[in-house]
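Structure below; questions to follow.
Chain IDs A, B, C and D follow the sequence of writing; residue 1 opens each chain.
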Amino acid sequence: MPEVARDPRPPYIAVIGDGEPRGPDAHRILEWAEEVGLELARAGATVVTGGLGGVMEAASRGARSAGGVTIGILPGADASEANEFVSIPIATGLGVVRNLVVVTSANAVVAVGGRHGTLSEIGLALRMGRHVVALSSWRVESEHRLGGPRIHRVRDPREAASLALRLAAAAELNGS
Amino acid sequence: MPEVARDPRPPYIAVIGDGEPRGPDAHRILEWAEEVGLELARAGATVVTGGLGGVMEAASRGARSAGGVTIGILPGADASEANEFVSIPIATGLGVVRNLVVVTSANAVVAVGGRHGTLSEIGLALRMGRHVVALSSWRVESEHRLGGPRIHRVRDPREAASLALRLAAAAELNGS
Amino acid sequence: MPEVARDPRPPYIAVIGDGEPRGPDAHRILEWAEEVGLELARAGATVVTGGLGGVMEAASRGARSAGGVTIGILPGADASEANEFVSIPIATGLGVVRNLVVVTSANAVVAVGGRHGTLSEIGLALRMGRHVVALSSWRVESEHRLGGPRIHRVRDPREAASLALRLAAAAELNGS
Amino acid sequence: MPEVARDPRPPYIAVIGDGEPRGPDAHRILEWAEEVGLELARAGATVVTGGLGGVMEAASRGARSAGGVTIGILPGADASEANEFVSIPIATGLGVVRNLVVVTSANAVVAVGGRHGTLSEIGLALRMGRHVVALSSWRVESEHRLGGPRIHRVRDPREAASLALRLAAAAELNGS
């Protein structure tokens, strides 16, 4: 089949983080997630999240405000659980296992803050060969020298979005 | 939040069946799957499939030929495995478990032909509360009287598409 | 490594069915499940179930009464949810997805009664290449000629147990 | 039901790590995994692993040498893929998703070395409320203050085993 005829698919970037951020940083975390979503959509990326509240909703809101497409990979079986900024809800029925789909469906991942659920998604992302950009999130270091995908720590949402897009483009070229 | 402001989401209808139909019926099965996809897209539905070949590709091709949106829920971790008629590929990394997502993400399911994988999807669909329309597919009957979602056998692709759409609309009203 | 030195593993037979049987047949279903468990354990098999109530508990009780080993593959994350006749609880955290593990971990499957969850397990069992023995359970027929594993309908619990053991032994010989 | 009549279940401790350790530390990692398995079995614990090679096999070998019970939660559908030191193989058919079951089925987790797959298991363990003891494994720190389960770094296999057993006992008391 003539592969040239196929439209290039936009990069999918997952934004992961706490569904209900708490503590003194909560407000900043949500602002950053929204700005990451906005910057990704401006650059033409599709934003993938877990479809619920907190960081997921903020990133989706940001992306939609820039006219972007947002995919929400929900843990439950009911698409109406998606926040209102999800344009394409995917009700999975998978429970905890849906976290694997959030990161695997994306070409690169941005973690904004986050607790244990986010750490598990970071681990799954690396396991599935996806680079992770971390903004005020987990520090993860191996005691051994490892190749492959990495966690890249950044300081602000713009840097997070642009680095994720570059990593996604590089992964595409490498065929992964 | 102002729910009225939200666009109504189009119904999602999953089309399931063999990734590589064989035997004397193979040609007819693929034609029917394509026509089911076409009719669903004409009615404004989004067509969900497993994103690979055979019935999945035929249904997606039909839907795209009518300008529809097609979601492909892939078993592997690489979105480029999707057939060329998938507009929104979701690489899950789930293997066999992705079948649960195909049927759960939809409001109703159409089975066209199919072998054991399709039977497992029919069972999962009913388990998750989704009605199934069966076109030249499995006959499934309980020895006990059961309520809830059912398998509806039909004789042609148009009937399959229109019944699936009616069942999806009724499920929406029932809040399931 | 010297394969002869390894103890032969006992066959694993899954018993699946309703966690809360209702209707006029409920009592008989539970009696049959218990007798299936008993006969399987007498023959030296390990009985695998979903670890909860109803048919799962009855089959486990029967197996334990004959001194057998019972494995309970639980949907939740807490092993204490297992019924008291489970000797080896496996808390999976998988929710609905645990059904795949129940049937895949076994060499053959016995379905006693059952509703939609049981049908999904029957479908998954066939999909994973496991034969299914059905006792007062689902009738499932393809409109197409298919090879591979099958559903075998039987009339009493003894026949169910002995046929499941023969099918498991044959599957072992075939290397599946 | 008379709960007193029920035998106390032994603690289940998962040992996770690389299926094929490489590099200058590989030999030491395997020795340590074997010693962790041995110490756990001596203390009466059941050792849970992913059932394949490397750290999984070494831990199982150690446990069996002390007369212990070993459970192997396999990714594939064929129980014969388990290493020869697995006494209870569970073929899941889950692929990558089986990692969730390895850690959820245990009361506490010991990580010995490990690459990205191990990191994903550490994240999933914490997500599911299981404490993790890390021996020459990942350093993981949040930039935020978090309660709940933690990673505990230790220096030798004996300390790893004894701390894991204490954490499992404490978790049992807390009802988690």
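Definition applied: contacts are C-beta pairs under 8 Å (C-beta built on N, C-alpha and C of every residue); 3 or more make two chains touch, one makes a residue touch a chain.
Since the model is a prediction, treat every value here as computed from it, not as a measurement.
Peer 1: Return the chains common to the contact lists of chain B and chain D.
Peer 2: Per touch definition, common to chain B and chain D: A, C.
Peer 1: Where centres are the averaged C-alpha coordinates, which chain has the largest centre distance to chain B?
Peer 2: D
Peer 1: Nearest whole angstrom, what separates the Cα centre of chain B from the Cα centre of chain C?
Peer 2: Here chain B and chain C have centroids separated by 29 Å.
Peer 1: Where the CA atoms of chain A average out and where those of chain C average out, how many Å apart are those spots?
Peer 2: It comes to 40 Å between the two C-alpha centres.
Peer 1: Send over the residues of chain A in touch with two or more other chains.
Peer 2: Residues 93-94, 96-97, 100, 128.
Peer 1: Please output the residues of chain C touching chain D within their complex, sorted ascending.
Peer 2: Touch list, chain C to chain D: 1, 6, 9, 12, 71, 73, 77-79, 84, 88-94, 97, 100-101, 104-105, 128-129, 176.
Peer 1: Going by the contact rule at the top, pick out the chain A residues touching chain C in the complex.
Peer 2: Against chain C, the touching part of chain A is residues 93-97.
Peer 1: Under the stated contact criterion, what part of chain D meets chain A in this complex?
Peer 2: Residues of chain D touching chain A: 23, 25, 96-97, 100, 113-117, 119-124, 126-128, 136-146, 148-149.
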